[in-house]
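Each chain gets a letter, A, B and C, in the order it is written, and its residues are counted from 1.
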Amino acid sequence: MSSREDILGRVRAALHRNAGNAATAREVMAAALANRNPGPQPAVAGEPRALLERFRLKSEQASSTVDIVATEADVPAAIAKYLAAMKLPTSAVAWASLGALDWAGAGLKVEARGARDADLVGITGCFCAVAETGTLMMTSSPDTPAAVSLLPETHIAVVQASRIVAYMEDAWNLARAELGSLPRAVNFISGPSRTGDIEQTIVLGAHGPYRVHLVIVEG
Amino acid sequence: MEIKSMRFKANSEASLANVVLQGNLKNAKGKFVTKRAEAIKELDDFEGTRDAAAAIRNKVIDNLDLWLERFETKAQETGAQVMWAKDGAEVCRLVTEIARKHGVTKVTKSKSMLSEEAGLNQALEAAGIQPVETDLGEYILQVNDNEPPSHIIAPAVHKSLDDVADLFHKVHGTPRKTEIPALTREAREVLRGHFLTAEMGLSGGNFLVAETGSVALVTNEGNGRMVTTMPKVHVVITGIEKVIPTLEDLSTLMRLLPRSATGQSISNYFSILTGVKKPEEHDGPEHLYFVLVDAGRADVVGGEFHEMLRCIRCGACMNHCPVYQTIGGHAYGWVYPGPMGSVLTPLYAGIENAIDLPHAATLCNQCGVVCPVKIPLPELLRKLREKQTDAGLRPLTERIGLRVWAWVAQRPALYGLGASLGARYLKWLAGGNKSIRLLPAAQEWTNGRDFPAPQGQTFREMYAARRKSAAQGDAK
Amino acid sequence: MANKRVGLFVTCLVDLMRPRIGFAALKLLETAGCDVIVPDTQTCCGQPAWNSGDKAGAEALAKKTIAEFEGFDYIVVPSGSCGDHIRSEYQSMFAEEPSWRDRATAMAARTYELTDFLASVLKVDSVPGDYEGTVTYHDSCSGLRSMGIKAQPRALLAKMKGVQLKEMNGCEECCGFGGTFSVKFGEVSAAIAGRKCDFIHASGAPAVVGGDLGCLLNIEGKLRRMGDETTQVLHVAEVLAGRD
């Protein structure tokens, strides 16, 4: 007997499985799988301005820094300003979806490709953002490779204000509506990577970025 | 992992005598507790969220066979392969076979307690494959001669900054660093090389989502993302009880898991991984395997301990446990310490191999009230005690003592006489002092504290005397 | 309205070690206008057997206790631990014996921890005690987490002009007693008690008050072993009732 059959066989026996109760259980399962009602959620005000403010506050509490610009065209200059202020390199790797912005005009050398170990700055967009916890939702695809938000020491994310939702459950519904099925990787990111494994003292920059900077586009 | 739980009492006393460990435990105590207390205040309906989380876990465990089949089907549809392991040995065999098949020489590992259960690192090494622990805490322990973890969330919580400074200086051959950020950076640089060169990444799984066939991983360091993004093969090792129905259910559980574990509103990274890399993608594994592990779990289904299967491995029970806080995790002698470990170890490693653990609790229920999925841990510990008694596993003196005491307590006159004699004996032992320094019949008590002297007469004697004199008074 | 008929379960530990706590409870209840009976065949509620895995012994003692206390309007216990055992565990113990389960359920509905009974049921306006001084309060685990005893003893102490309550940090942390745990793992138990004593000392109060004698013996024993001969360790009933 295969291990699969052995294990499932013992689970079935323990649950007194038979055709009758399996049919009932399948109905319960179908209902559970179809149920889209969220569990209890903390109150999050749903107006666009309130969502933006909460997202900003929670992101800052997660040790991200936040900048707000009016239009997407303002993004390269805002990022150039941030990098200069932080004395960070002006070369970066970016998602292909951001490749059309005028990076050179802002004095930045940005390549749209997958990330490599030597990349020090990674620029991404995000699928959406969650106000409840100050969290970015990244969905992987050929144009949005996961490693760009992981390997570089600095991660800069461009967030459209219109894509800030209240709860993670809203993000799932967006994904279902817009992507159909889940992509290979959904990564929720809330601030720079960190560890507390030595004396429970929080240190930023464990294996991923040391800093996360968010540029929110209002327009 | 070898089980050393039968040495719990000796281990716990050694922990108490270890001055360095006691200092580290004292330093750690309460940090998680304080942060959790703050974090749960963010939830308007914490109790309702706990109820919802418990209901989600029950829903699956009550029909686990069907949910496992459903998960398997969905995972296979996404291009993953699903394997089943009855025990730790089979986990080791399957993972080694996968590694060989893909020509793997190095495996980077994100934290997996099941791989500790299975002793996977040793098996991989024996097969000539290098396992590299990448969680900072696990890495510290691995380079310290494969020391076992003492906590499921903070594996090296028993180590001090000084301990780590000495260790890295020794194993990395670098100048001794005394700042935590510098030590963290040093480990980052060592491990970055491994992340980029390992052919296989291995992770546990916090949850398996039946709706989508995905695994959900909760990490802070980013090592979980690394091992599931960079190598060409990703293997998930997880217990069969980890299935949940939907992404909404995942969100509910995520409101509780990081808050209960580390006191964070959400962990830095929360990854939901589904299937394999598409040809045109830049990163992600080409092969994804799930190893669904029984190792004792199937036999808990449907029985009197089934509530334990709700456990989401947050560690809140141990963080809040007065016994764990006092002796640390190693004394428990296996993979899982604290209250959850004292239930899981007898269930998974054999009730006869962990005689002390169900008794190693004051039943204060601090664990029960913090558990995010409302597992009645003290009640499960008590039931294990009952099982031990029924199986004749408790020491004979204890069994006879309890039997005699209960027999006498059912006979009020005899009991009253015994209590009177006992009160007088203890009073005599105290010899006019307020307390007794050495109680020959209970040296376990007086080794560490005095035994206060009794008043000398029992309540029943004094009450009877008072009633008698009141009656005489009335008669006059 | 007729006086309430109260059966007082003094607990085996009070019987053996500190009868004055039983008399204090008696005085508090009588002062509040209750007719109090102390059934003289009572011994132990059976909790040590239950928690040690001796189901048969626990059930026998539970049946004995249930039978002894039927017929009272209320059963009052000067212990959160024994009180919780009677109120919660008896019912689950007899899940398979409907007649006893029903009797256990009926008893549970009438069973109260002493301070809960005084504060929540009798709603007393005053207490007879005349204690003067600062005290700190140790919340015992079963009372606190299973019976919700937290505000009641504090509300009663607040009715005493001479008493100032100085809360300690960690007042809700276990003292390490744990019944048989205290003699199975004596060193661990005593080490946990040591932390509790540190909290007590840090509060600066010259007396610690609690509602469970097991915890109090543990704390007192540890304080004395630490060389503290002066900090008073008192049951809340003693403080509320005053000394005769």
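As a convention for this text, contacts are C-beta pairs under 8 Å (C-beta built on N, C-alpha and C of every residue); 3 or more make two chains touch, one makes a residue touch a chain.
For clarity, every value in this text was computed on a predicted model and none was experimentally measured.
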{"item": "Chain contact graph, described as a line, ring, star, complete graph or other shape", "value": "line"}
{"item": "Most centrally placed chain, judged by C-alpha centres", "value": "B"}
{"item": "Pair joined by the larger number of C-beta contacts - B-C, A-B", "value": "A-B"}
{"item": "Chain centre separation (subunit A, subunit C; CA means) in Å", "value": "52"}
{"item": "Chain centre separation (subunit B, subunit C; CA means) in Å", "value": "31"}
{"item": "Subunit A and subunit B: spacing of chain centres that average the CA atoms, whole Å", "value": "29"}
{"item": "Multi-partner residues of subunit A (at least 2 other chains)", "value": "none"}
{"item": "Subunit A-facing residues of subunit B, complex", "value": "24, 27-28, 31-32, 42-45, 48-49, 52-53, 56, 59, 62-70, 84-86, 90, 134-137, 140, 154-157, 159-161, 164, 180-181, 183-185, 188, 191-192, 195-196, 210-212, 214, 220-223, 225-226, 228-230, 240, 245-249, 251-252, 254-255, 262, 265-278, 280-284, 292, 294, 298-299, 301-303"}
{"item": "Subunit C - residues contacting subunit B, complex", "value": "10, 12, 14-20, 22-23, 38, 40-44, 46, 48-58, 60-61, 64, 141-142, 145-146, 173-174, 176-193, 195, 217-218, 220-222, 224-225, 229, 233"}
{"item": "Residue ranges of subunit B touching subunit C (in the complex, touch as defined)", "value": "9, 12-13, 16, 322-323, 325-327, 356, 359-366, 368-369, 382, 384-390, 394, 398-399, 402-403, 405-407, 409-410, 412, 415, 419, 422-423, 426, 434-435, 442-452, 454-455, 457-460, 462-464"}
{"item": "Residue numbers on subunit A that touch subunit B, as the complex places them", "value": "2-4, 6-8, 10-12, 14-17, 22, 25-26, 28-29, 32-33, 35-43, 58, 61-62, 113-115, 117, 133, 135, 140-142, 145-147, 150, 167-169, 172, 181-201, 203, 205-209"}
